[in-house]
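Below, subunit A partners subunit B and then partners subunit C, in two separate complexes.
Let's turn to the complex of A and B:
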């Protein structure tokens, strides 16, 4: 795992021992080499740990407070939210990042442009969380016209369930076009093939009218075809005749029109069955061909009038933590990938080949050979990410807007808010610091043991 | 990138290496699978690039454009690109000044960490002193100590010394917290330098100081480079430490930009180009020295 120069690596006291003949070398020389580092560590790292523990037992004004800060910490809403969010971070982020890193590392083994791919995915590691936060604030902007995430979602959503989205639209004449039993609108009268229908709507918001909407035209009757127009019965500046297609009135594209047979119209108990469904074109025109002779009422289902889907409020109270985790995954997957790829290249090829010769599928080889052999690396990656996630701060403070910062709160952020950013309670801040320190202690022990094992 | 991605079935490396011969069917499956893998990886790579490209393009669009439409509209209307945001940023005294502060914090920290850590690492690797292994274990343990545990005490200390808010006090804090990992990385590398080289120098009558300068430092250059890059990026990208210890006059670019994020959309003309400038430097460093950086990350992992 370590950068190793040519020559046998030596553990502590390993290499140099025998040659340490000159142990008579003056110890002040040794001290000279060590002093700057040890002095800095003592004053700025080790002493503060003890001071923080001591300070955490005192209140904001410095008076002795016993364990009251710790009590406050585990009862205040802000800290409890922070602990809950830290737990989500801890469970989700390292796992997702490691899994993605593993997949990328394994897949790139099979392509020639692996280096380019790795460079691209690893690149976010080089930039600051603040820059990443600004990048993802742009991605997560609510307005689907500006935010990439919602633009993509709305695009995908539109492919699977295209909705006309004429929310607020209502019939020009409620006695002709009335509320249908299951929502939406249905004609009061019935039509037979060969007739035409004119379905006038008003109250369409200008923003909902698609750019492609063309001037409406009245349908021409044709034998065997039930045709019609759905249009916006409104002339800018006024002057239009109600229920009549005037010049300049726009057709409403993409409206779903259903032919219902056997229904009793909107006046009765409803019912009837949908026998055909069409969509209006840019001029608002629709036509049913091939209907069996009979009477049909026309129905505009409720989906036409649904509020259009505009994506999610990513940085709102419910999703904010998950959205920030998304940005974190973007930043750190490259790290996991590079570490795992290094571990992967150390796996003997013969082990994999042997498994393949034995008839293992790629998936079996991956699960039964690759992953177990990689286990030590995966553990290191996971632990590194866990420590990192425990201290997560920059991304949260940059990405969470003021309005949802309480919902996105994490321990490191709360510690900063309590003691520097606004609050001045160094007692509570110290207690939070101690808590964070205790949380990383297992990782510290893991590190030391790993180091001692490798040194042996 | 996609041009390189063509052809080359996935199994090729293995069968070329003398692996088992496969039936035609299995080779077709492999080839198709390989195509799917290529396509998937291209998609992932594009997905990874797009957010940064979005920032870059946003930084080149006017405020009104950014607040009306998404950056991807330039794909159809490239004419709307402008450098005016960059003119605004470069004319903004706070931002330019903070950029200078970032350099003034990052460069000395990087140099100091390398020098101080190299001295200590040499002692841990090649000098004998009582309790050496124990002290080193403590240093290894300190690698993961969260800065949060030291913010308050060090702030109090700086306050008593009347240096709170200055650039040196930011540097000192970074230096101390950079040391454990730096010493760990360099010691492991130095310990692997062949003993004969050191002994030969000592035989020639060189003192420890000369050995350190003439043997250890040149031979340890790869590790020192890794460390320097790693440390440079770490400090350049820091927000928290500077947020606590730097006052308005010594605030680095990250702090200066953060104060603008409150009114995100109205400040987009400063935020986008500012963020892009602030990440351009680390990106250049990263691409120029990526091998060393990756090695530093590999060695460090836990921090």
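Let's turn to the complex of A and C:
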């Protein structure tokens, strides 16, 4: 509880002193003091605005082009993607950042190490966007061995469903061992108990081959038993005969083999029912005993060839904008938190305590008292972020790989691309600049009106 | 036109011989006795005591040390004082500013033929004298003279070159699969399939960088369509919807489109990663295509040894096409009419100058009289041999010759279209149509 000491209120134009000093000066003095600032504004803001408008009416070589640049702009796919992405940014990023900032601000009021926590959350603000972009290219790298995001996902995923498939393995001869109706592979011919089968696979990755794998051996026929071998039909150094078990070729352990009866083989409409399932041993050998006489095709179900989960392609065409928004949220949450925390400390404690005394739960206090009292601050944060997000450029250009830059395109990036990044059409670039300016204008006007209301 | 010029310069050269009359070099202070020094290599240069020369190039670091060694040798022979200025990557801007200010360097190394054309056309370059022309005739394949000639006048000496037709591979992966370095495209496909069967995904493509894909296309195109068509396409005299373009795209699709031959995630793999993932301790690929600079990446980013763990083969022949090389280079030009500048160009055109840098490594010369024994290792020797051996079938990187709006825009133009093609290699016709549309949108130099 702080008690404000009595005294003259502070602030611009707050007291009688301020009022007199504002109107008492001669106008030439006011103009003299304002002149440097006005000159700078004219050179750095007003002139470029008008020049950009003028330039936007000319083509790449500077000849008058009328409104053709604007026509080209709104018919180009790149601009339409950029507008769509800007809309996503505008709707998602400021909201998420403000919400997170609010949560952090409210929570830090209650933890012991509030300052340390705030410092950590605020830290990304001290990093330039370019550096943040580069940090996040490392986070979003595809390879789980190097990319943090995918490493985390793969780690979590591995806990729930450890996979040990021969990913990448495929039949030596697809006409003998073809795609099965429900995934996996199925032999084209059928076998009867007493026969032996040789199922040759290639393309087995060295990392997938268990250490215990032993050299494959051909199955010996035995009455009543359908036996066979699943093996990696490739001799180190090449030279092996296809489809034949050569010395040095490894058997594939732990492959699930199913005997299917009634199926028409992989060439036909498929179907059939699995009557028995076995696993191969270290030499890749398997044997079905006790099968009823008849014809069976052999099937290697898809689970044998499951691709290991390697995470998402964060910076691919579909996820790239969302991934970049993630980086933006990381950067700006601290900013929102600090502003909101400042607003929070200005809320009269009495109001909160009164609400608690009246029996409000923490959630009700938060929703019915804290948030309404904070509304002006939240609006400031939201509008500031919206203006900021509209101009987003640096994170997009550093994070999006060239191959998905089109998919991550935003207006500021498109403006740069057509004017400098190879397009060399500063007329079209200026048109985009004018468009961006028009889009930012409402937020600016809203902010100015609010400032003036507050000043009154 | 070009032929008559060559003939004329030859005549002049013959008249001048090696007596070094120093045509147009009245200013040099030659003392009667020791005016010209003759070296065992046969380059005789004037005494330039008291003369100051400035040389500008983009090179820094190891390359700067290389050119410094060459320039030191020049100083030792001529007693001229030579100052080297590194311009940074944007040499066009630096030179443009200095030319406008009336203070150009005496000699500059230009990294693109386009820049040579531009500067020669606006009169900023001085033609080489007869002795330099004679040295170029004696030491280079005719293509290099053509490449240094603008509108019938020879302006430059191609001093340093890069070979972008080298396919690098991990020797262990080839041994494991029992595959030999292929000489033809069909053998490459067959070998890649065998490597895939052995359990290693063969081809690593750095598709996140568009320029690696244009290099793929250019090599296949030069091999499948031939140098004449290549020149026409480079100037956009034939459309990109030409049958030869579609053929080349189809050839590429045989490799890019076959399941299991290209390491997954190619479009998210940048060039350095495409190299390291082949040569790192836990490799993901066996073959990576790019220029001779891959050797540098292997040496600095991985533990693999170039020459033993990593090796290269020349870009394979398509349908029996003869040896040809896509590449780049740096051309030395004179920007001032000083005797020192011409003497330096003459020295640079000699095998002697090239040998000095070749011995240091990290350098390839197209001077056909440079003894290959001068290169420090087998790999650089092989690179140089392929470059010199391609003779007149050398072509500059096509995308470097094209306007940046088509051949050099990240996320746009040829780069982006070939990235889309890598994502969907069956779309040959659509890709050709898109390439033509993008090429038509920019103005090609005539």
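Note that the second predicted complex is superposed on the first by the 285 of 456 C-alpha atoms of A that agree within 3 Å, B and C clash if a C-alpha of one lies under 4 Å from a C-alpha of the other, contacts with A are read in each partner's own complex, and residues count from 1 in each chain.
Convention: a contact is a pair of C-beta atoms (placed from the backbone, for glycine too) under 8 Å apart; a residue touches a chain by one contact, two chains touch by 3 or more.
Since the model is a prediction, treat every value here as computed from it, not as a measurement.
Undergrad: Name the contact category of A:131: first (subunit B only), second (subunit C only), both, or neither.
TA: A:131: touches subunit B, not subunit C.
Undergrad: Once the structures are superposed on A, label A:424 by its partner contacts, choosing first (subunit B), second (subunit C), both or neither.
TA: The answer is second: A:424 touches subunit C but not subunit B.
Undergrad: Between subunit B (first) and subunit C (second), which does A:402 come into contact with in this model arrangement: first, second, both, or neither?
TA: In the superposition, A:402 touches subunit B and subunit C alike.
Undergrad: Which chain makes contact with more of the residues of subunit A, subunit B or else subunit C?
TA: B
Undergrad: Applying the touch criterion given at the start, work out whether A:220 contacts subunit B, subunit C, both or neither, answering first, second, both or neither.
TA: Neither partner.
Undergrad: Check whether A:206 is in contact with subunit B, with subunit C, with both or with neither, and answer first, second, both or neither.
TA: The second partner, subunit C, only.
Undergrad: Check whether A:108 is in contact with subunit B, with subunit C, with both or with neither, and answer first, second, both or neither.
TA: It touches subunit B, and subunit C stays clear.
Undergrad: Can A:75 be said to touch subunit B (first), subunit C (second), both, or neither?
TA: neither
Undergrad: Overlap of the subunit B and subunit C footprints on subunit A, residue-wise?
TA: 141, 145, 401-402, 421
Undergrad: For the complex, give me every residue of subunit C touching subunit A.
TA: Residues 175-179, 194, 196-201, 207-210, 260, 265, 267-270, 277, 282, 404-405, 408-413, 415-416, 419, 423.
Undergrad: Could you pull out which subunit A residues touch subunit C in their complex?
TA: Spelled out, the residues of subunit A in touch with subunit C are 141-143, 145, 168, 170, 172, 202-209, 232, 234-239, 313, 315-316, 400-406, 409, 417, 421-424.
Undergrad: State the interface residues of subunit A toward subunit B in the complex, per the touch definition above.
TA: Those residues of subunit A that touch subunit B are 1-16, 19-20, 22-23, 25, 27, 29-30, 32-34, 36-38, 40-41, 43-49, 51-52, 55, 104, 107-113, 116-117, 119-131, 133-139, 141, 145-148, 151, 330, 335, 338-339, 342, 349, 353, 356-357, 362, 380-381, 383-384, 387-388, 390-391, 393-394, 397-398, 401-402, 411-412, 415-416, 419-421, 426, 429-430, 432-434, 436-437, 440, 443-444, 447-448, 451-452.
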